[in-house]
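Given below, in the form of structure tokens, are the structures.
You will see subunit A twice below: alongside subunit B first, and alongside subunit C after that.
Entry: the complex of A and B
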């Protein structure tokens, strides 16, 4: 009897392992292989449609002195930092406003989610039209309000990055709201009651109780958004194309340019591996924070 | 009595002011959507009027124009085929494996999980170009399959992660009872586990559809004129039309309509998927 059970258990386990085979193979072929292939071609001077020549670490040496790429990394960092911090602050504020059992709040929550499903490319085209220097509605009414936008929001170098950050904030603050709202709803009520009896004000409650309790959710939300913001491509591609000049050229755009337009595939691979390292560092910093706080 | 009514009045005022602030925020959020709708119904000339205004006309001309004069039907078809293909493939790969992952211990379990989670962390640009070369070698470059295959990497990973979390929270007793009754593992999975996890499957299917419908960079690098998706097709006409925002807007409305409708109809599942990553 025991033997029989053992045998059927082994059989069950074997069947379950078979269930895991397709996705493992799939990920190895279509995910891990391209990533490793990218590492590999980073060591070659490979031109699309041309020949490949092994150059060792030359591409990486070139990268270290490539001002255009290093500048695009800085632009990426500014973009990610500004967009994600604004999204966090707005997200927390809106989640706080929405955190109520009232039925009306649920309806509002539904509509706030719309930007997250809005096709990013369409969003880009809409905002590009709104920003149009002469006929865009946003440009027109900003000027009507007496705000100096020079020749136009996406024409002036110092305003272009801000303009695309606004679009990212519009698109992704709702995601922050939903994640933080779920976090807020799961907070225990007791600490609040105790603190209120002690006479704590709303501001104190927020900074002394809400923020510390919400910290794990805040960090995960920041991690998810930062990693996603590092991938930004569509909206910038459409709205500014990286310009004017290189003022909105984030690393993704620069790498795409090098690989797809200049056809220097090997060098583009090396650059994207450089970006990958940046992404890993960002991820590790967050993971360290998340785990150190949870003990 | 006085204290109570004053308190409830204060509560009501607070709630009302919160709702007013939220409505203002909602106006900012909804503005691009309203602009798109209004522009898609406007005549071309009204776009050049100063000051720019919303809802200057209510004509469906722009919609009929894009269907008659552009290849939009083809783009819509490509988008639908790619999104459905991704959805089906992601479910086939992600659901059974998510189940098995929550039910069995084995060596290398952690490595598989890390590989799956890496799909979320890896910058897209890292995979775009090598994938293009690989597809070229497979003879798949320019086909819908190329886009389906890469979209599925991301969506199968999400499905796997979502489903393994969900199956973990399901009691194992039911399946074990079925196994003792002589049901095979496969049948226990199909007959017991799958029906219990339908909400998760709907969430996974919805996300796979939305993400591949909204994809741009993979379609940009992997499709040919014959397999162009709707967003990419729109972009190709934006240059030609120049100030023809009205036609662009009509196409934009067509592009966002299915995903907005699906996310509203299946709202519970959509929110469940969005918060899953944050809470887990």
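Entry: the complex of A and C
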């Protein structure tokens, strides 16, 4: 009997392993290999199509003094912080509004996902035409309302980054809504009932019960969006091309310029490894919070 | 067991599907059998083409070539940045995705040094009579050559020109008002000071009229437009092996360029690429621009232009003491160095066909750009396009080297594109921008 059970267990185990094979192969080929290869060529002075010369840590030393890359990292951080913060606030507010079971809310939940369905490239092209300084609808109405946008939202240095952050918020807030809505729906009812009996108001319920209970979900949502925002490239490439000046040049755009325009793939690999480290640090901070006692 | 069966079945379906796809691909390559007389029946070539006005008609030329030879030339039309990156990666990795590609004349140095495209000299020498070598304007040959090798065959020649609103320049009231304000007659400017006066005169923002427009978008667009003004001031990026982009001439050019965006151009010009700038002119917003002659026919096309019949074309003005500048640019066509012998031979036949006198004449009527004397002097074409004599004049006196066609051109253009954009957006002062550009360019060498 025992042997039969053991045999049956092994068979099940084998079946499970079969299921894991495709994803393991996928991860090895499309994730691990590129990462390792990128780390490898980061140690070479390699121009696309040219010869490779081992230069040790020279690319990383160059990166530490590369003003354009360091500035692009700062721009990236500003982008991530502003975009994700606003997405979190809007996401939480909208999730709260949609957290009721009726037909209208179900329809609204479907519609609110529409921006996320757009590929960032298409979203960028649509917004670029809306932002067009001379002919864009957004520029037209802002000017009609008497708002000073100078020469235009995407051509003024102090407005361009804000403009692309708005696009990111428009596109990705719905994702935040869906994650937080799932979190809200899973919250237990008892603490609310007890608090209401004790006379807690809506604000107290939100800050004393909803937010603490929702904290793990909030952190997961922040982690997903922060890492995604850290990789931003397409909407900025399409809308501003990194300009005006360097005002919207995020790290990925700088890496792209070095790798694809200047064909310095060795140095571009080192830069992207630098960005990878930043991403890992951001991820670890969130993971630490998620698994902390409070989380 | 069921799972295993399912997996096996899935794999079979996958392989069958893949096999079907390959079979379909194979059919495409082999094509249908046809007349025996066609020498390249079933052969397929790929051609990466810059998305300029001339591009669409290349598909028509390709069809004619297929009818004549059997070879299909698949045309892939790409934007400037996309084209540059795609073909460079193709050449650098040796993947030979494209047998043919349009080559901006400023890439010739790099392409020769890296061995990206085949040297066409032997073919040209062999077929000199057939291509009527001397019918092609000499500057066109020069622009596609580097280090004694012909790495691109002349395809579309452009003359840099001052494009202006002829109707306004000839308007009696405007002329009188201009003379009253500036003390001299309103006419096409010979000097950059006159250009500035006219730009200021025609800038009436409350009427959505802007005196002068240029490309401002960071990258190749702003870099190339600024270089026109740099040439007009007698400046050079590199002179006698020295980086001279921070010279007094270049500084004067950048100061004027900044003023264009501050005072005379539409508000969005800082983000303009070539097509945006042309749109600003064709929609009647901008009164003057420096542009390539390829766009000239489009101004007369009422489907896309509100200024049909109102455009004049002149040699761009220069600073006092600087020779009149006849900036010449355009596109050649190169054959991928990694293309097979057979494909390269067919590609050469296609190049000869595409640039033949007869095809060039038809192409000119469909947004083509001239390279041949016979085209530029053709009476039918001159009747349709009276500006061809201006282009011929520019070509005969042309200078295709004011933009340094050296192997490092792309990196230099990247640097200039960023620093000039930083100046026009006032992120850096003119002095800071040029000093930074000089430092960056020196670091390349």
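Everything below uses one rule, namely that the second predicted complex is superposed on the first by the 267 of 295 C-alpha atoms of A that agree within 3 Å, B and C clash if a C-alpha of one lies under 4 Å from a C-alpha of the other, contacts with A are read in each partner's own complex, and residues count from 1 in each chain.
Just so we're on the same page, a residue touches a chain if its C-beta (ideal position, glycine included) is under 8 Å from a C-beta of that chain, and two chains touch if they have at least 3 such contacts.
Remember, it's a predicted structure, so these values are computed and weren't measured experimentally.
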| item | value |
| --- | --- |
| Contacts of A:64 with subunit B and subunit C, given as first, second, both or neither | neither |
| Touched partner set for A:52, first subunit B, second subunit C, both or neither | neither |
| Partner chain(s) touched by A:243 [first = subunit B, second = subunit C, both, neither] | second |
| Subunit A: partner with more touched residues, subunit B or subunit C | B |
| Contacts of A:15 with subunit B and subunit C, given as first, second, both or neither | both |
| First (subunit B), second (subunit C), both or neither touched by A:35 | first |
| Which superposed partner A:227 touches (first subunit B, second subunit C, both, neither) | first |
| Partner chain(s) touched by A:261 [first = subunit B, second = subunit C, both, neither] | second |
| Touching partner for A:133 - first (subunit B), second (subunit C), both, neither | second |
| Which superposed partner A:155 touches (first subunit B, second subunit C, both, neither) | second |
| Residues of subunit A at both interfaces, subunit B in one complex, subunit C in the other | 15, 135, 260 |
| Residues of subunit B touching subunit A in the complex | 15, 18-19, 21-23, 25-26, 28-30, 32-33, 35-36, 39, 47-48, 50-52, 92-94, 96-97, 99-101, 103-104, 106, 112, 115-116, 118-131, 133-134, 149-150, 152-153, 156-157, 160, 179, 184-186, 189, 210, 213-214, 216-217, 221, 230-232, 234-235, 238, 243, 245, 248-249, 252, 255-256, 259-260, 262-264, 267, 270-271, 274-275, 277-279 |
| Parts of subunit A lying in touch with subunit C, wherever the complex brings them together | 15, 18, 48-50, 132-135, 150-152, 154-157, 240-247, 257, 260-263 |
| Subunit C to subunit A touching residues, read off their complex | 3-4, 7, 85, 88-89, 91-94, 114, 216-219, 266-271, 280, 285, 410-411, 414, 418, 421-422, 425-428 |
| Complex contact set, residues of subunit A against subunit B | 8, 11-13, 15-17, 19-20, 22-24, 26-27, 30-35, 37-38, 41, 94, 97-98, 100, 102, 104-105, 108, 110-123, 125-127, 129-130, 135-137, 140-141, 144, 170, 174-175, 178-180, 182-183, 186, 217, 220-221, 224, 227, 230-231, 233-234, 237-238, 251-252, 255-256, 259-260, 265, 268-269, 272-273, 275-276, 279-280, 283 |
